[in-house]
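These are the structures in question, set out in turn.
Each of the next two complexes has chain A plus one other chain: chain B in the first, chain C in the second.
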Partner chain A sequence: MLQAMKEIRAIGSVCQRITPASFYHVSRPDASLKTTYDSIKDYGSYKNNIFTHRLPESTAEQSPLLVALHSRLSLPKSYSLSTLSQALNLIKFEGLANNFGLNTLGKTLLSYYVSENLLIRYPRLPMPVHNLAIDAYMGVNTLYDIGKSWGIEVDTTTKLEKHLSQEPEFMRYGKLRFLDESAKKSESKEPGVFELTQEELSSVKNDNTYLSREAEAYASAVRSIIGGLYTHEGEEATKSFIHSHILSRKLPLDQMFQFSKPTRELVRLAEKLQFSEPVEIRLIAETGRLSSHAMYVAGAFCGTDKLGEGIGSSLQEAKTRAVVNALMSYYLYSPVSQDGSPVKLPSDNDYKFEGIVGGGDVAI
Partner chain B sequence: MNVRKIAFSGHNVVRRFTTSPLAQIYLHKGSRIPGLKKDPEEVFTSYKGQKYGISEENLGHIKKFLNDKYKISDDLILQILTHKSFGNGIKPYNEKLSAMGSKILNLFCAKHVIEQPTNNENAISGKNFDSLGSPMSKELSGRMSLGLFAQLNKLNTVMFWKSYNHELSFEASGEMKVSAQMVYALIGAVTFVHGKRVAEEFIREKLFNSNTSIEDITSEVVQKYGSN
Partner chain C sequence: MPVKGIAKTALSRNGVSSYVLPCHRVVLQYCNWGGSSQGIRDLLKSGQLDTIARQRESVVFEIARRSGHPKLSFKFAHDKSKEVNIANLDKSEIVRKLQDNIQSSGSELFKWNHKVMSSNESVRGIWSPLHVSNENRFKI
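Presenting the complex of A and B:
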């Protein structure tokens, strides 16, 4: 008890030594949710006091779009249609519970399983390529495509249009809901013309690209569906879903590299790896310098070990190709287990560490 | 096959790495001068004067914290303690380990907060999603909590890193960030070596059920700096 008291006092003293939020910004609550709780550490007591309720399962069952999506994704029976409908709702203040929590959970699950896969299967990827690969697997644009391929539709019609076309209200529960009534009215119907909202305009980057609200909404729905699967079926089923829908996509890692100074990078890498011999580029073969189309074969060597080989129509080209080949062979290394299969992942049963841990990139 | 050396313009790889017993190399100490090679003795010493390498002084405190249950190799412990800012990133550093550690900690914390017993009528399968997104749940795996955790448990007494100014405060010098990254790396290393299930046990036992619980630290931080 005395020890615990001392520790708590120590926490207090540590906090006092920190300048409040001068560099690090501590998260602040979203006041619009009016969250209340009994105690800050009693997570079960957290409650958002805005008027929301979950869609009754009996109502959700009458939405053909929801039933079709559930069946198309081969979701288990335990995955309720009301959760699926909640995963498609991004609107905060319309009475129905939105997908904020499911999205957050889905994102952490995706982040872990995608990172685990890359860190174990490609331990030597340079960090910029690693991050790019993560983005290629679970970035907004990728999840947008996945969401579209799942056949999720956007609820674009206004209440008046729904009324005039006598559309049953159950239809909208199976659609992606993120547009408010005013946004639906102002939507441009011209193909190829997009009217950006203020929010989208502010997200336009220097290269003139931006993330549309629609893309973000689709991505959020995909993440939420994954979060929902965890909620109903647990982690093993979620992992399997992520592997079949996200990690099964082919990623051309070898096309993600761009070297500005490859020779310098290889030399630096050799230094980091403490190679005993110097890195040398040697000419292995050539067709003859006076031949009409001279070709050269160069190799990057460390002592008698060949690190890479390249063919080029000039000495410089052959050298660069040899060096790049050596770098790519190193960075794209993927360990295999003793029986020749890919190494197991930390989340697999009977996991045994057989791979390597990446030591980090070199500064050039 | 006839192999011979070729000279490329501007290519000094061979010269740079040829080590002759007769070659005299000047190793410079003190402030950096472009073109002069720095003395490794000085480069590979932390600002506190700890020499880089596997030794009981450097690794003992981490070994004690991990105990036999979560044992990992000495090389990996040294990598955990090394930040990419140290020695220009030439030694194996902890970036990949901390990438793994931060992801598993985020996942653990998200599961931990939603799985507490609840009466919330919007809960799904007994999981309360209203707690996700609250400052407490966000900061549980945040850099400030982890940095303070490292400091309270004296895990950051030996770290190989370089700040632009070591004289500044715990937060301003970057020590908090580097300490947090070191704790992420520690969790990541346990995940790499022992797998996810053991790593989650490690987080529960060492971070949540210890005297200096990460929850106590985070609630203190959130109440002090996170209110509107």
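Presenting the complex of A and C:
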């Protein structure tokens, strides 16, 4: 016994020497930022010594790409071109300020307005669908698509190529910069063939999809442009920008549900909502069993109330469609205010809560 | 697990509450010597291009001098592009080509043999013979 205790203690001390426990859970500052401080607990004294400067406005004005992008997005006059150029820069070590902060700011604003919109407009959305709906509005793939539609170009040429083609220096300030010199050279020449970087390889999922660095860079640029709008114009302008560019897209919510046991789910839901009568599936109409292509219309009823209806070419299909229709009409409920307009959002002026709070998911 | 989600991306509807011009870059290519570039050389000399570029601030105009027939290349959103041959066209015809294509979406032209093209479902739904009231049904 004593022997074993000693061994454990010995093993413990070895482990401590190799990996101190504090290494695991404490977030450490990024060493590349060369952070210095007087005392580790004095957070006010933290200072990054990496040299960065902002692009002078006079240089940014000479970049036609920046001027055009500014005008294409109809950004306000106060939105400086140097901020726009900063939003397109993801490179940390070139002396120019990058978009790290703007990206974080934009992401926070986006997630606030998108989730506010979904929670108020679709209060009964089940959690898994709600999360995917947020991704559908502001996930990397969607923001990549938006960035592409805004006509943001990627800086893919090396310094040598730029020199040889006598491209003016300020052209690159209007392009999306995320590739370092070595990555630019290894562009694959074969169309449709992509060479993945090490981090892209690690993001490959089971279904063979991955997030390309380009997609992430575009998404980051779009978020940063939104963050930049907040720094120059404030909250109202950012909100209307998000509503007009992000939330104006069509969300195919009706295609985002996958039910495994719909009938059982509907029954559980009815129990939870304390319906007075049991849920029944009834046949409403049919073309006749002996007709060449029989069609059936089934309905999910609770007493005399019809919850949903479905058409199918077999009784089973019609029944399942009716049940799914009933579930969808419950989950996709969207409240309207008394005058028929959509209900107000918490960030609107003189907001008064009008809708409902969803009751949560059911378990089967 | 009661209900699972299926990942989708929200569909873009350019023009619904915000509009971003799909065309973002025009390259005007001309030759300093060839006769087929006479029209575009006239256009460049006249200074009319400055007015057009000022009106279309959201498009980058690039002028390239290369030998061969002159052409206009347009770059659109989502990596679409279009090239228009302007050999032997005069100034006004080139301006018209320029204005026409800047306003284009860059998509291939196609024939649509239906009355409506929409990403929304029909508001009225589809007529169903099974929902007609009993007395109006077709009797065999």
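The working rule: the second predicted complex is superposed on the first by the 323 of 364 C-alpha atoms of A that agree within 3 Å, B and C clash if a C-alpha of one lies under 4 Å from a C-alpha of the other, contacts with A are read in each partner's own complex, and residues count from 1 in each chain.
Here is the rule we use: a residue touches a chain if its C-beta (ideal position, glycine included) is under 8 Å from a C-beta of that chain, and two chains touch if they have at least 3 such contacts.
Being a predicted model, the structure only gives us computed values, none of them experimental.
*Asks:* Name the contact category of A:119: first (chain B only), second (chain C only), both, or neither.
*Replies:* Only chain B; A:119 stays clear of chain C.
*Asks:* Touch check for A:65: first (chain B), second (chain C), both, or neither?
*Replies:* second
*Asks:* For the three-chain arrangement built by superposition, which of chain B and chain C touches the greater number of chain A residues?
*Replies:* B
*Asks:* Should A:201 be classified as contacting the first partner (chain B), the second (chain C), both, or neither?
*Replies:* A:201: touches no partner chain.
*Asks:* On the A-aligned overlay, A:193 touches which partner chain: chain B = first, chain C = second, or both, or neither?
*Replies:* In the superposition, A:193 contacts neither chain B nor chain C.
*Asks:* Check whether A:105 is in contact with chain B, with chain C, with both or with neither, and answer first, second, both or neither.
*Replies:* A:105 contacts chain B only, not chain C.
*Asks:* Looking at the overlay, does A:285 come into contact with chain B only (first), chain C only (second), both, or neither?
*Replies:* Both partners.
*Asks:* Just chain B (first), just chain C (second), both, or neither: which does A:362 touch?
*Replies:* both
*Asks:* For chain A, which residues belong to both interfaces, chain B and chain C?
*Replies:* Shared contact residues on chain A (touching chain B in one complex, chain C in the other): 268, 284-285, 361-363.
*Asks:* Going by the contact rule at the top, pick out the chain C residues touching chain A in the complex.
*Replies:* It comes out as residues 1-14, 16-18, 20-22, 24-25, 57-61, 75-79, 119-120, 128, 130-131.
*Asks:* Note which residues of chain B are touching chain A in the complex, please.
*Replies:* 1, 3-6, 8, 11, 13-14, 16-18, 76, 79, 84, 88-97, 99-100, 103-104, 106-107, 110, 112-114, 116-122, 124-125, 127-139, 142-144, 148, 151-152, 169-172, 176, 189, 191-196, 199, 211-212, 215-217, 219-228
*Asks:* Quick check: in the complex, which residue numbers of chain A touch chain B?
*Replies:* Answer in residue numbers: 3-4, 7-8, 10-12, 14-15, 17-24, 26-31, 33, 35, 37, 40-48, 52-54, 80, 83, 86, 97, 100-102, 104-105, 108-109, 111-112, 115-116, 119-120, 123, 127, 130, 228, 231-232, 263, 267-268, 270-272, 277-285, 298-299, 315-316, 319, 346-348, 351, 353, 355, 357-363.
*Asks:* For chain A, which residues are in contact with chain C within the complex?
*Replies:* Per the touch definition, chain A meets chain C at residues 64-65, 67-69, 71-73, 126, 128-129, 131-133, 135-137, 139, 141-142, 145-146, 148-151, 153, 243-246, 248-252, 255-261, 265, 268, 284-287, 295, 297, 311, 327, 331, 361-364.
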